[in-house]
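In what comes next, chain A is part of two complexes: it sits with chain B in the first one and with chain C in the second one.
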Partner chain A sequence: MAWFQKSEVVIAGILVLAMILIGLVNPAFWSLDNMFSLLRSNIIIGIMALGVLLVMISGGIDVSFPAFAVAAMYLTIKGMLYFNYDGVVLPFVAAATMGALFGCLNAFFVYKFRMIPLIVTLGTGSMVRGFLLGVVGTSMININKMPDALIDFGKSDIINMVKPDGTTFGLTAMILVYVGLAIALHFVLRYTMIGRGVYALGGDPEAASRVGFNIRKITFFIYCVAGALAGFAGLLHSGMIWLANPRDFVGLELDVIAAVVLGGASIFGGRGSVLGTMLGVFMLVMVKNSLIIMKIDTTWQRVVVGVIIVIATAITAWRDRRANA
Partner chain B sequence: MKNAMDFRNLLNKDNNIVQLIMMTILIFVVMTALSPDKFLRYYNFESITYTFPELGLLSIAMMIAMLTGGIDLSVIGIANLSGIFAGVMFKKFATDAGVADTGFGIVLMGGVIALGTGLVAGALNGLLITRLKITPILATLGTGQIFTGLAIVMTGGPAIVGFPNAWAFIGNGKILGLATPFVLFVVLACLIAFMLRRTTFGINLMLIGTNPKAALFAGLKREKMVLLSYMLTGVMASIAGIILSGRTNAAKSDYGTSYLLQAVLIAVLGGTNPAGGRGTVLGVSIAVVALMLLSSGFQILRFSNHLIDFIWGAFLLLVIALNAYKNRTR
Partner chain C sequence: MSENFIELRNVRKEFAGVVALNDLSLTIRKGEIHCLAGENGSGKSTLIKVMSGVYQPDAGEVHIDGNRVENLSPMASIEHGVQVIYQDFSLFGNLTVAENLAMNVQLREQRRVLSWRRVREIAKEAVNRLGVELDLDKDVEQLPTAGKQLVAIARALMSDARLIIMDEPTTALTGKEIETLFRIVKDIQSRGIAILFVSHKMREMLEISEHITVIRNGQKVADGPTSDFDEALITRHMTGSDIVSEPYIWNREKYGVMPPRVETRDLSSGSDLDKINLSIKPGEIVGVSGLLGSGRTELALALFGMMPGYSGTIAINGQETTLDTPQDAIKAGVAYVPEDRLSEGLFLTQGIDRNMLSTSYEKLAPGLLIDQNKAEEWVETMIRDMQIATPTGKKLVKELSGGNQQRVVIARWLLTNAKFLILNGPTVGVDVGSKAEIHRIIRELAQKEGLAVLMISDDVPELVHNCNRIVLMHRGAFVEEMASVDTSEDQISDKLKNLT
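== the complex of A and B ==
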């Protein structure tokens, strides 16, 4: 395929065009301050999008990950407070493990009962969130009670700058975490057997199993990794906003799915890349944030996200049809 | 003798229905045993006849979309948007006496606007799915956002409160001692059941869902049928929106968001195959009654709403497991 036909290149082109347009409407868009805050808003959605990308490459769809993220985050922080533990590594391992366990539940139902992933994840998402709010609690954990180490971790910057008026701003170090995870997933998808298996499963499950891929192993891998990424992102989010809210992330699934579709992944499976997804995430976050800069009423946000989903899916559907013809 | 044969035939053919009825009876007995004095009150059942029709109509709408192997995630958005459009219009035409006394003609026009909203929204879904070939999940996910977003734009966020009396009658009134929503639900359910069972349209829909390729070779106009089915789904959703706004005397962009999961659950529980081709109005209707009994029982037992969400989710997974198990032994 010629390089200009690659979907990543097309998305990047549209992205640059959109950035120039927004910059023309309001030059404040190009300020470093705004750029850093844009990148910062990419992190949580981006990490979750990596998980959703994995599920979508395999031909499924996941709407349960916001519930998993919030449950892993809230339970981990509750646990830290209970044991009076103050650290960084162990809590993240715990949150990711919890997310992976929830993901296993998805994988079990999708694999064992051959049920449509959408319906399975609707059920598991509702269960996990219902359990969290109904049994564990509904009260927020505010900054005065949050573990200090977590907040300090979330505060760390890689670049620090001072504005002319004396206030400081910086680029959060969490961006490195996001990029690191993305590179890791990229290599897994590209160069490992199980990564190729995810594409094979999405392309044609029957063919994948005939050539010897272990469908069960791949299915569990997909949903556990997606769950683990969600759990990890959940805890990171609370570290970055210094707050643990058990009602967080409601409706986030739509934004994340929109971003992944925007990044060129096909819901029919077998297509999608980490780079494309990261571009899609950036595009979505940028458009949503820039509505304010462009002086468009924020009530239009939902409409814009919806229109983006429809246009992006229409284009991918058109591309898939042309590829198959 | 012949009657007995027919009955056995019915048992075999509609195995699912019998199981659903048994499940309903089981839920009824358990809830009665747990709190007989509160659950068995007439008031409890009367309030169920007011609250279940909107969910029932949404579930039937979901089932219609599932018949062709699709799904409609925008039903809640359509329902709310329909109510809001009508509400905005009533506010425009309100006389000095207030919205409550709006004339019959204008109320009728509000109904036409609401139904029209559903029709147009459904047509948009159908066109995206058939013309642009977007998968139903993503198409309706996107349009659902658009409809909900438009609802936010129209209202600016808060609810529109105050609907005409005649409108409220649809949600709160009584016809011959029965709740209006209930009567409306029964009439519509019968109509849809007839449409699916006895008309070419319905039978074609089933065929398309069972085997799209065979249906294509048989010369069925698949695209037109699918488009029509999403329009029907949209109209059903807007009727649910009319009832909802009539009952609560208000319309808001985020009403009934938990109905989405419940509508999917009820459709699947009622024996609809999400892959297409199978589903009955009767099954869905029994399932919605069963789950409303369950939910009202839990409310009487003072379970929190979140726990009820948990139970809905668990129930959905349980039903999936049971269905898979049943299909294997068959």
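== the complex of A and C ==
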């Protein structure tokens, strides 16, 4: 395939075009301040999108991850408060583990009962969210109660700058976490047998088992990693906003799925890349961000996200159908 | 050292009380081309799965290289060098040719991390071994069927195969591609690799194989060197009865005086159709032969109103008609059974009744409601007339055999009172018994009801036996017309090969 036909190149091209356009309408768009805040908004959606990408390449779809993220986040912080624990590494490990366990639940139903991933994840997501609010609690944990170590971690910057008016702004260090995870997933997908197994599974499940892939192992890998990424992102989010809200992330699944589809992943499975997904996330965040700058009502942002999903899916579906012809 | 590579002795396999294989013995010698013949449901696929270790036989023994093998697993079967190329090839369309070729080797080496340089090396070696040209960087789904098959064969060779089992390898190939495949098969054989060719196409079996085994109802009914067989004998063994085919004779006295059912004058459409003049009288069965892309399918589509914007004229029953949509064509009395009946013609998850009636609902419901009694009556009559093997019209079409599915499609069109029937590859993927039955039904309809039939097929014998006239198409035009009594299968095959 010629380089200019690669989906990543096409998406990058559209992205640059959109950036130039937005910049023309609103010169403030190109300010370093705005760029940094844009990148910051990429992080949580981006990490979740990595998990959704994995599921979508395998031919499935995941709508349970926001519930897993909020449950892992809220339970971890509740636990930290209960044990009076103030640290960073252990809580993140705990949140990711919880997410992975929830993911196992998805994998179990998808593999064992050959159920449609959409139905499974709708069910598990609803269950987990319901349990969280019903059993654990509905109250928010505000900045005054939030563990300090998490807030400090979330506050760290890699670059700090001072504006002419004396206020400071910076690029959050969390961007490194996101990029690190993305590189790791890229490596797994591209250079490991289990990663290629995910593509094989999305291409033709029957053929994948015939040539000797362990479908059970791959299915559990996919959903557990997706769950772990969600749990991790959930906790990171609360550290960055200094708040643990058990009703957070409602409706986020649509944004994330839109970003992944926008990044060139196929709804039929078998296609998608980390780089494309990151570009898709950036595009989605940028569009929403510009709508805010242009003071467009939030309800209209939902319309835009919906339009993006429909158009991006139509384009990739058309591409896949043409490839199959 | 034993002469035999694999030997099945008195193998028996049951599924929930139904005997799939009964006391079946089969021997494949090293480096031989062996044909396994049998109708659909005769136990061919069960036999393949016993050899590839997917099924364990309930009784009997499997010997490989003269040693008895117990509990043959899929992995063990591959290690012994048994490779199966399934009809769907089991390839990954979303991955490149190179990766598909290297996949099995990588998995067998139990690698965790893969090096793309190694993938390329393996793929290059695979292509070299087979001696073919393939673009390694293309995604497999962009290849034509013949290309996918080459990838599947090359992949099998990379697993140090000693026996390659090919399940119906020629179904989706054109004549030229089949020739190439046979050349490759012979080449593989010359390296001492045995090949089991599973098929129900007589001509091919006789051409390629050295040894033929015929099974019916899970039992071996005949085996021996290919020189001992001819088409009639194989058919007799496969079906258990003689199928005689006499050429079709058009009843000229009865129908000759009537106006043609369909007549085209200078029918053209873009570069697909070039000034076609075709006239079919009632009771005639006209065959169309030609290579893929010769315009034969486009001709069918044009006559069924699916090539709007054609130039020239089409007259149905002597009346000039504009056929711009399939609805126009159906109204005029044209019926079309497409090439791929499964994806284009049938609602697989619906019952026989709904499938049959799907084009007749307007007639069944003059008002608002469907006349259920009449609907049932029609379906029952059709199931009886077409001899569809089913206890009830409610049975789902996907549960029927290929032959019975084809009959459902034909029945549907008969219910519309079609006077002109277009059949595109009417018996592709249908076993010998059903095929003869379908032919009988079509001929009877033409002879008795005065149906005019246009039959498009790759299967030259099918045309010669069932048509009274055959036209040869090339590059969108009719190049020759023959009366089938004056021509032979070989003549037509030769003419097809000489077209460029």
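Observations on the structure shown:
In this text, the second predicted complex is superposed on the first by the 320 of 325 C-alpha atoms of A that agree within 3 Å, B and C clash if a C-alpha of one lies under 4 Å from a C-alpha of the other, contacts with A are read in each partner's own complex, and residues count from 1 in each chain.
Going forward, a residue touches a chain if its C-beta (ideal position, glycine included) is under 8 Å from a C-beta of that chain, and two chains touch if they have at least 3 such contacts.
Please read these numbers as outputs of a predicted model, since none were measured by experiment.
In the three-chain model built by superposing on chain A, chain B clashes with chain C. With both structures placed on the common chain, the touch criterion links A:Val261 to chain B but leaves chain C unconnected. Using the contact criterion defined above for the overlaid structures, shared-chain residue A:Val177 touches neither chain B nor chain C, since it reaches no partner. In the superposition on chain A, contact is made by A:Val135 with chain B only, not with chain C. In the superposition on chain A, A:Ala100 contacts neither chain B nor chain C. Contacts of A:Val285 after superposition on the shared chain: neither chain B nor chain C is touched. Residue by residue along chain A, chain B and chain C are tallied for touches, and B comes out ahead.
Once the two complexes are overlaid on the shared chain, A:Cys224 sits clear of chain B and of chain C alike. When both complexes are overlaid on chain A, the residue A:Met56 reaches neither chain B nor chain C. Contacts of A:Met73 after superposition on the shared chain: neither chain B nor chain C is touched. Contacts from chain C toward chain A in the complex involve residues 74-75, 78, 86, 88-95, 99, 103-104, 106-108, 111-116, 137-139, 141-142.
Chain contact summary for the complex, chain A toward chain C: residues 1, 191-194, 196, 199-200, 202-204, 206-208, 210-213, 266, 269-271, 323-324. Put simply, chain A touches chain B in their complex at residues 61, 109, 112-116, 118-120, 122-135, 138, 254, 257-258, 261, 267-268, 297, 299-310, 313-314, 317-318, 321.
Listing the residues of chain B that touch chain A in their complex gives 71, 128, 132-135, 137-139, 141-150, 152-153, 156-157, 261, 264-265, 268, 274-275, 303-314, 316-317, 320-321, 323-324.
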